[in-house]
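Contents: one structure, followed by commentary.
We just call them A, B, C, D and E in the order they show up, numbering each chain from 1.
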Amino acid sequence: MTNSDKNRLKDKAFQVFGIFCTLIGLVVLAVFLIDILIKGLGRIDWEFLTSLPSRRAARAGILTAWAGTLWILVLTTIIAFPLGVSAGVYLEEYARKNRLSNFLEINISNLAGVPSIIYGLLGMEIFVRQMGLGGSLLSGALTLSLLILPIIIVTTREAIKAVPGSIRDGSYALGASKWQTVWNQVLPASFGGILTGIILALSRAVGEAAPLIVIGALAYVPFIPSSPLDEFTVLPIQIFNWTSRPQEAFLINAAAAIIMLLFITFLLNGIAVYLRNKQQKKIKW
Amino acid sequence: MKVSERIIEGLLWLSAVITILVTIGIIWVLLSQSIGFFQVVSLTEFLTEKEWTPLFADKKFGIMPLVAGTLLTTFIAIAVALPLGLTIAVYLNEYAPARMRQIVKPLLEILATIPTVVYGFFALTVVTPFLQQFIPGLAGFNALSAGMVMGIMIVPMISSLSEDAISAVPRSLREAAYGMGSTRLQTAFGVMVPAASSGIVVSVILAISRAVGETMIVAIAAGQQPRLTMNPLVPIETITTYIVQVSLGDVPHGSLEYKTIFAAGITLFVFTFALNNISFWIKKKYQEKYD
Amino acid sequence: NGGNQDSNNPDMAGNIHIDGSSTVYPITEAVAEEFRLEAGNVKVTVGVSGTGGGMKKFTRGEIDIVNASRSMNEAEASLAKENNITYIELPVAYDGLTVVVNPENNWVKDITVAELKKIWEPEAQGKIKKWNQIRPEWPDKEIHLYGAGVESGTYDYFTEAIVGKSHSSRGDYTASEDDNVLVQGVSTDPNALGFFGYAYYEENKAKLKVVPVDDENDANGKGAILPSLENVKNGSYAPLSRPLFIYVNSKAAVRPEVDSFVNFYLEAAAELSEEVGYIPMPAALYKEQLQKYKAFSEGAAKK
Amino acid sequence: MAKNNIKLEAKNLNAYYGDFKALKDITISMEEKAVTAFIGPSGCGKSTFLRTLNRMNDYIDGFRTEGDILLDGKDIYDKNIRVDELRKEVGMVFQKPNPFPKTIFENVVYGLKIQGIKNKAHLEEAAEKSLRQTALWEEVKDKMHKSALALSGGQQQRLCIARALAISPSVILMDEPTSALDPISTAKIEELIYELKNDYTIVIVTHNMQQAGRVSDNTAFFYMGELIEFGKTKTIFTSPSNDRTQNYITGRFG
Amino acid sequence: MAKNNIKLEAKNLNAYYGDFKALKDITISMEEKAVTAFIGPSGCGKSTFLRTLNRMNDYIDGFRTEGDILLDGKDIYDKNIRVDELRKEVGMVFQKPNPFPKTIFENVVYGLKIQGIKNKAHLEEAAEKSLRQTALWEEVKDKMHKSALALSGGQQQRLCIARALAISPSVILMDEPTSALDPISTAKIEELIYELKNDYTIVIVTHNMQQAGRVSDNTAFFYMGELIEFGKTKTIFTSPSNDRTQNYITGRFG
């Protein structure tokens, strides 16, 4: 065999290996999803969605869990959205290139890499203990807000960066101030991108269990929280709880709850992808 | 500048600066709690003692078993994710038709959006029973399936970020390689991967950092037993699992036991902080080079 | 027990915070669930942080009721006093602390208290690692231990009964406050040995193998004894039989929702504790507790 | 050469991007109600100079000027000058049409709205007026509330001019306003410039010699940050006094 | 016009990017050991054609050809042809110098190494030989193991040519090889091309008429995917038979 033949053979072999590896990724994904569907789909019905937790697997539902998840989503959005977008706007539109902005950038990239459980420790010490909020929805939402803040800031900056400078020039040239330009031109033009980022960040927050366990979200909360200071549980924690039970019936419940959680996560991601595509199609600068 | 403009800018500035406060908050919380810990337990004991039993009568405060557990699961995860992820990245970039890349890449990225409790569930209820068919001694809680599932989770981190890095290599380099008679494989591994190496290294470091900090998968599937071992078949405990375990119970504020989770937390933070900074530094350097 | 819309008492509202023992958790959970049908607007939360963890919260006044799988110890009692917390202890059922191995384990037929001590005492840490170190005829295989976490009453009770000193044991085992985790560990690990409350065995019989315990004291039954309704009731399952309790804070007892919850608890405990796998006390004892509690809550109301 | 008053003038102007000196000692004066064209090879500083005339470079990190720029005799870099007021006086039109991604109407009245004018009738009136000035009214009056991005390039550019006119500036700066347009649109814009100079002082940067010749009264030739030659357009194009001007105009370099 | 043998020829070649027909019925033959230049306005298909000559477009999704391309009389799109072998025969140099981010030595011997040649002495000899051919040896012999990216643009381009020569091709394709270079480097490359044609068949795409005139023996003029005119460079530049060629060469469009 000539060298050239060998090279061609290696080339082909790698191609096969590449397809194989890609397939592993996809097949594992498929196996996971199918496994979950087989285990849990039969368990999902109206009652499952509207029942309180119960010691009897067959009677237990996820009402409080998804209500808690919804609460957390809303509160986290209210807290993280303005904060993250403002910070993104500041860094992209206002900050001069200096030590501080450089430091902010490193800092944000670092925060994005801090494990979520560390945020849990932060939340427990600051929100739960020092601010005395206890294991409440508010503590949870504050903790998760800090967790997703870096993601929102980074995506906001990306979205703002995509707005062409000519739009800013146009606005300044008509006598608009910096803030008027940001508010009337930059933010509306980048809104789609910002929204996409926030939804992606929220889909991350929805799946988080570790930091909420640390701040003390409970296992058995048989009521829908009615104020931000109420105790709560969320889907991932309910799943964690059920997963740690040895009885088959609870594993089925866990699978069913996972389907709901995945439904929410995929829905959020789907919306984000849809928005992004729409955005890309709509605006051709 | 109008006053209102200044106020607005001030508010925006404040929002940005809050991120610094968060970092300070994290460091302060970790330090202030673990200082109390280190007043009782010497740093030497913490680093050299081989057992971790802070909650028991015979208290030992060696972080090594937790670090070992963390490293073991991380190592398994990377051992799965690196070859898979890198091969996929190269395959998608160099071999796959554009259409396939457009479909496969986002499909794989779904893997990264699945909440980690769900992975924990898989590790415990699917992967472990499956592996037990081949590995008789495999315990129900073990580092192996937790690590493998974690590896699957971070495959898209490596494959997507590396693919981005490879596609960022100027097309002219690929053409140069082809123009010299390279096969696709030679082009990929002789030219493209080396040229994209910093981006690939960044993706791998980020993946390691992610694996080190991953919590729910190991908390559900790896066991809760601090054990200084590199045996992947038995239950172990990671730093993150320890924090979860203690948090699930109620260890009173201010007690030494309570402070142990911050001592564990700061260890974890130091690891990930170092990894993140290295990757940030490489990324910065790399960007400057290519502009 | 006839809980339906008619018997619902919508006027009653409020929160009841309960925490503590994982052993007692299934009973309290069941009671809380049934109580929902009585008073749907009362929000009962039940945490699982172990008897020790629960006691700490209870003696700080953070919760209304604590589940306990052992009596309050002196340190806790003095803390309660310090914080001006008065309370009542109410036994609600019996438990037989159960020693289990994996069903694939075909060598352990029984175990003595002395052997358990050898396995669990602090000196065993890092040393007793193989089955044949316990009994030479057992195989040369690693032994993987699963046991209650240090915050749990089960842990205290077990160490007291087996090792001889409360809160004293080796630390290199899989410890969890959540007995479900232990069940899962033992049921999937052929080399496992573990212990937890009877209810957790009862619920997962198919996946576990119970080990009869021999206390080498023929006075209470000869040879190795299995935990069972009978053996726990007649006291022959020694030394691992024990009562389970709840403790009620007097300040909470004056609140109508707590008062009615506790009454409901004592009325339902016999049925529900058996349902979840524990051993109910004789009916007369529950009556006695009800009266004791009545006196306590009236006394609390006067203050 | 001043047949009219001087509207705008620069005196010994230097401009820097950080360490790089982009404009070197420029002294020039622009007549009121006339068209002044800036020509010169790419990178010579035309845009930089044009943008200093309404301080558009203020937000660029490291940009600074030395020397004076006087609008109606007043230094526009004076501390008491408010940039937003200055920009209302000195409008600007850019190389690529840059309508906001909003409706046509919103585009035209943007400048008025940010001044706080809310009266709808007034806004509509102003919009119609400036759209008529740019001969765009008939073309867009039926789709005032459609997106401005749906217009053709030439229409977009005229919309940008209309937008600038709506806030009644006295000076209009144009940076290669037709370079992204087809010949027909270009002709329309040139025609428009010709009409606008009755009311406005216009400064235009162009790469197109013919255009400079057609529309401007005076022409300035820049080269590597320096003002090489400045005078009546006719003179510059027929008998430039400087060799480099000559070479550039005849297309020998640039 | 064939004073020499025909090295490379296209017969009724059509090329498509998806639905877009980029080359229309091209028939042309390139002489051995001569320089053939392709000229034409941007987007006319010069690069596309050049790249089909060594099948560089193979990996572009949707690209396909009809008709034949013959190298030494053999169809290079034939099933039995190995692309990697073909590319060793037909080397290529690109518009922007694109050295690998490796050492100078590694760059030059890359083509040999991927053929499996490992003998160090042999590699060093080959490297020196082709660096000498491109007159680069003296300049780089002391820094063979330094990064190629540290070289100047002109040196990098000569390195890319040396790299192509090292695998001893018989044809060298060059796509605007000097358009990113300064005049001095350009002159050096042109000189090099002039020398190389003693041993190699060279096809070069250029935007620079003067360059085409200086270096090439034959010139082909492309326009909108068609080959408008082909012949001796002298003839094309002095008396083109087609009006469009004439207009293009005199700079009236393009």
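The definition used in the following text is that contacts are C-beta pairs under 8 Å (C-beta built on N, C-alpha and C of every residue); 3 or more make two chains touch, one makes a residue touch a chain.
Each chain and its UniProt protein: A = Phosphate transport system permease protein PstA; B = Phosphate transport system permease protein; D, E = Phosphate ABC transporter ATP-binding protein.
None of the values given here were measured: they were computed from a predicted structure.
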Tell me which chains count as touching both subunit A and subunit C.
-> B
In how few steps can one go from subunit D to subunit E if every step must land on a touching chain?
-> 2
Where is the C-beta contact count highest, in terms of which two chains?
-> A-B
Subunit C to subunit D, mean C-alpha position gap in Å, rounds to 84
Whole-Å gap between the CA centroids of subunit B and subunit C | 38
Distance from the CA centroid of subunit A to that of subunit E, rounded to the nearest Å?
-> 51
Identify all positions of subunit E at which a residue touches two or more other chains, and write them in rising order.
-> 84-85, 114-115
Scan subunit A for residues touching two or more other chains and write them down.
-> 7-8, 177-178, 244
In subunit B, residues with contacts to at least two other chains | 124, 183-184, 186, 248
For this structure, give each pair of chains that are touching.
-> A-B, A-C, A-D, A-E, B-C, B-E
Subunit B residues touching subunit C in their complex are 51-53, 55-60, 124, 128, 132, 136-137, 139-141, 223-227, 234-235, 245, 248-252
Within their complex, state which residues of subunit C touch subunit A.
-> 26, 29-30, 32-33, 36, 43-48, 178, 180-181, 183-184, 187, 203-204, 207, 276
Which of the residues in subunit B end up touching subunit A in this complex?
-> 1-2, 4-5, 8-9, 11-20, 22-23, 25-26, 29-30, 33, 83-84, 87-88, 90-92, 95-96, 104, 106-108, 110-111, 113-118, 120-122, 124-126, 152, 155-156, 159, 183-186, 188, 206, 209-210, 212-216, 219-220, 240, 243-244, 247-248, 253, 261-262, 265, 268-269, 272-273, 275-277, 279-280
Residue positions on subunit B within touch of subunit E in the complex are 97-99, 170, 172-173, 175-184, 186, 190-191, 194-195
So in the complex, which bits of subunit C are touching subunit B?
-> 19, 47-50, 52-54, 56-57, 60, 122, 125-126, 142, 144, 149-151, 165, 167-178, 181, 184-185, 187-192
